[in-house]
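By written order: A, B, C and D. Residues from 1 in each chain.
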Amino acid sequence: MPKMTVAELEAFYATHFPQLSSFRFKIEEVEDRFIRVRLFHHDLHLRPGGTISGPSLMTLADTAMYSLLLAMIGPVALAVTTSLNINFLRKPAAADVIAQARLLKLGSRLAVGEVTMFSDGDDEPVAHATVTYSIPPRREP
Amino acid sequence: MPKMTVAELEAFYATHFPQLSSFRFKIEEVEDRFIRVRLFHHDLHLRPGGTISGPSLMTLADTAMYSLLLAMIGPVALAVTTSLNINFLRKPAAADVIAQARLLKLGSRLAVGEVTMFSDGDDEPVAHATVTYSIPPRREP
Amino acid sequence: MPKMTVAELEAFYATHFPQLSSFRFKIEEVEDRFIRVRLFHHDLHLRPGGTISGPSLMTLADTAMYSLLLAMIGPVALAVTTSLNINFLRKPAAADVIAQARLLKLGSRLAVGEVTMFSDGDDEPVAHATVTYSIPPRREP
Amino acid sequence: MPKMTVAELEAFYATHFPQLSSFRFKIEEVEDRFIRVRLFHHDLHLRPGGTISGPSLMTLADTAMYSLLLAMIGPVALAVTTSLNINFLRKPAAADVIAQARLLKLGSRLAVGEVTMFSDGDDEPVAHATVTYSIPPRREP
């Protein structure tokens, strides 16, 4: 089960990653090995035509999975993103994007997860990513 | 809905890809945008210690997704694998491997799917892959 | 050989992607199937500790390869990023990042390239990406 | 510099991976962080039309990079493939395939490399892969 709530994740980000506040996202739900994150439809994320940009979707995938990992292991040993693979599937609608992230593996040294992203209200995914993390050895007290 | 049944897929492979028969797999179920394929635990696929080899898992992922794509679009325009990304998650057990493949996008020119692979009887995946295909333009009659 | 110069690429971006100006990068050189792009070390791109963030490196990889593709085919048919795979290799230094992008394939429908990224002045890469694009059919006049 | 020669790698495979002998490949050269491996054009690797199959190219990429890693760290702590990403670029010719593999990172826990594959005698690559490995902690004596 998660070791951190949505409120604890938000407090952690406000303290340690203040620059993330400009990314305009919201963690909506944390469960065992699952998280749902909303990216707000905002000028910052747009390409001409009102479409959410590829880089914003990549950042969303990494942020969602990093948040899930943090929730599961707690803010003890900070994970490092080692790889990200994303497939862009459809042009996003002029709407928020919802990321649903799931851990496929949570080992002591490596974690792997997948993220499916949808335009809010749509059933067909706009992008799908897999992300891997290296978890540093915990420092002994 | 699929345009080909399991029996039609098997007949197609026997005619067009006879060398695949040595791969020792079986298509178990085809549904709309979903397929389940079993890789038999066989010497051919093993690494020392009785573990299914990485190359066998990659071949399984490609074969499962290719079969699903074939089932969905029919044997008209043969798709070409353009990329495959696989994460190896756990050491497979000494057992068959079950691949569950799902299409994330089926466009007129590109298709993208994901495959989750399990040791038979286990809940935790041993590998996860995403595979992309280019679908050639149909030749006019 | 390229169909667009660095100055023409800059003019194209200023007109069609004005929001990219906030990304703080500069195209330094375009050759046949090769481009070099500099990402300026700027607060916008930083994580705590002064490290260039993963999302900034992903955006750099996509921007460099998109610029190379644009230079090679000209601003006729706009390519669409279909996938990006990145491996993060080392913590970037507190310095600009130099991206060297190379086309591996430039077909009529698909393009594939690889991008190696270095901290300015360092020999060991900080990240490596492969990026794929779909090139839409040209509209007949 | 490498800790194992081509002859030592061959002896290692003959002893520990006898089933690889059916894969019909040859390590041609090992240098610092670089290896060249030849996959023989053989019925085993072919698809209808005489083309080398995708699974054979994936196996080649993994085998080449694994051999390079083994050469660089020695047969002490056996690395485990954690991910493989491959882009298929062109239909291979009816010829041997040459893999050129290069390490991008050789850390104490993770290694990452890239492999470019060519039909023998051709300049344009048929496939490009990146492969990552987890290196287990060395057992203390």
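Quick note on the criterion: contacts are C-beta pairs under 8 Å (C-beta built on N, C-alpha and C of every residue); 3 or more make two chains touch, one makes a residue touch a chain.
Just so we're clear, the structure is a prediction, and the values are computed from it rather than from any experiment.
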Checklist outcome for this item: Comparing B-C with A-B, the busier interface by C-beta pairs is A-B
Next on the checklist: Among the chains here, which has the CA centroid at the largest distance from chain C's centroid?
Outcome noted: B
Item to check | Inter-centroid spacing, chain C versus chain A (mean Cα positions, whole Å) | outcome: 23
Checklist entry - When the centre of a chain is set as the mean of its C-alpha atoms, what distance in Å lies between chain A and chain B? => result 28
Next on the checklist: Nearest whole angstrom, what separates the Cα centre of chain B from the Cα centre of chain C?
Outcome noted: 33
Checklist entry - On chain D, where are the residues touching two or more other chains? => result 82-83, 85, 87, 132
Item to check | Residue ranges of chain B touching chain A (in the complex, touch as defined) | outcome: 85, 87, 89-90, 104-105, 112, 114, 116, 124-125, 128, 130, 132
Checklist entry - How about chain D: which of its residues touch chain A in the complex? => result 82-83, 85, 109-110, 132, 134
Checklist entry - Touching chain C in the complex: which residues of chain A? => result 16-17, 19, 43, 46-48, 54-55, 58-59, 62, 80-88
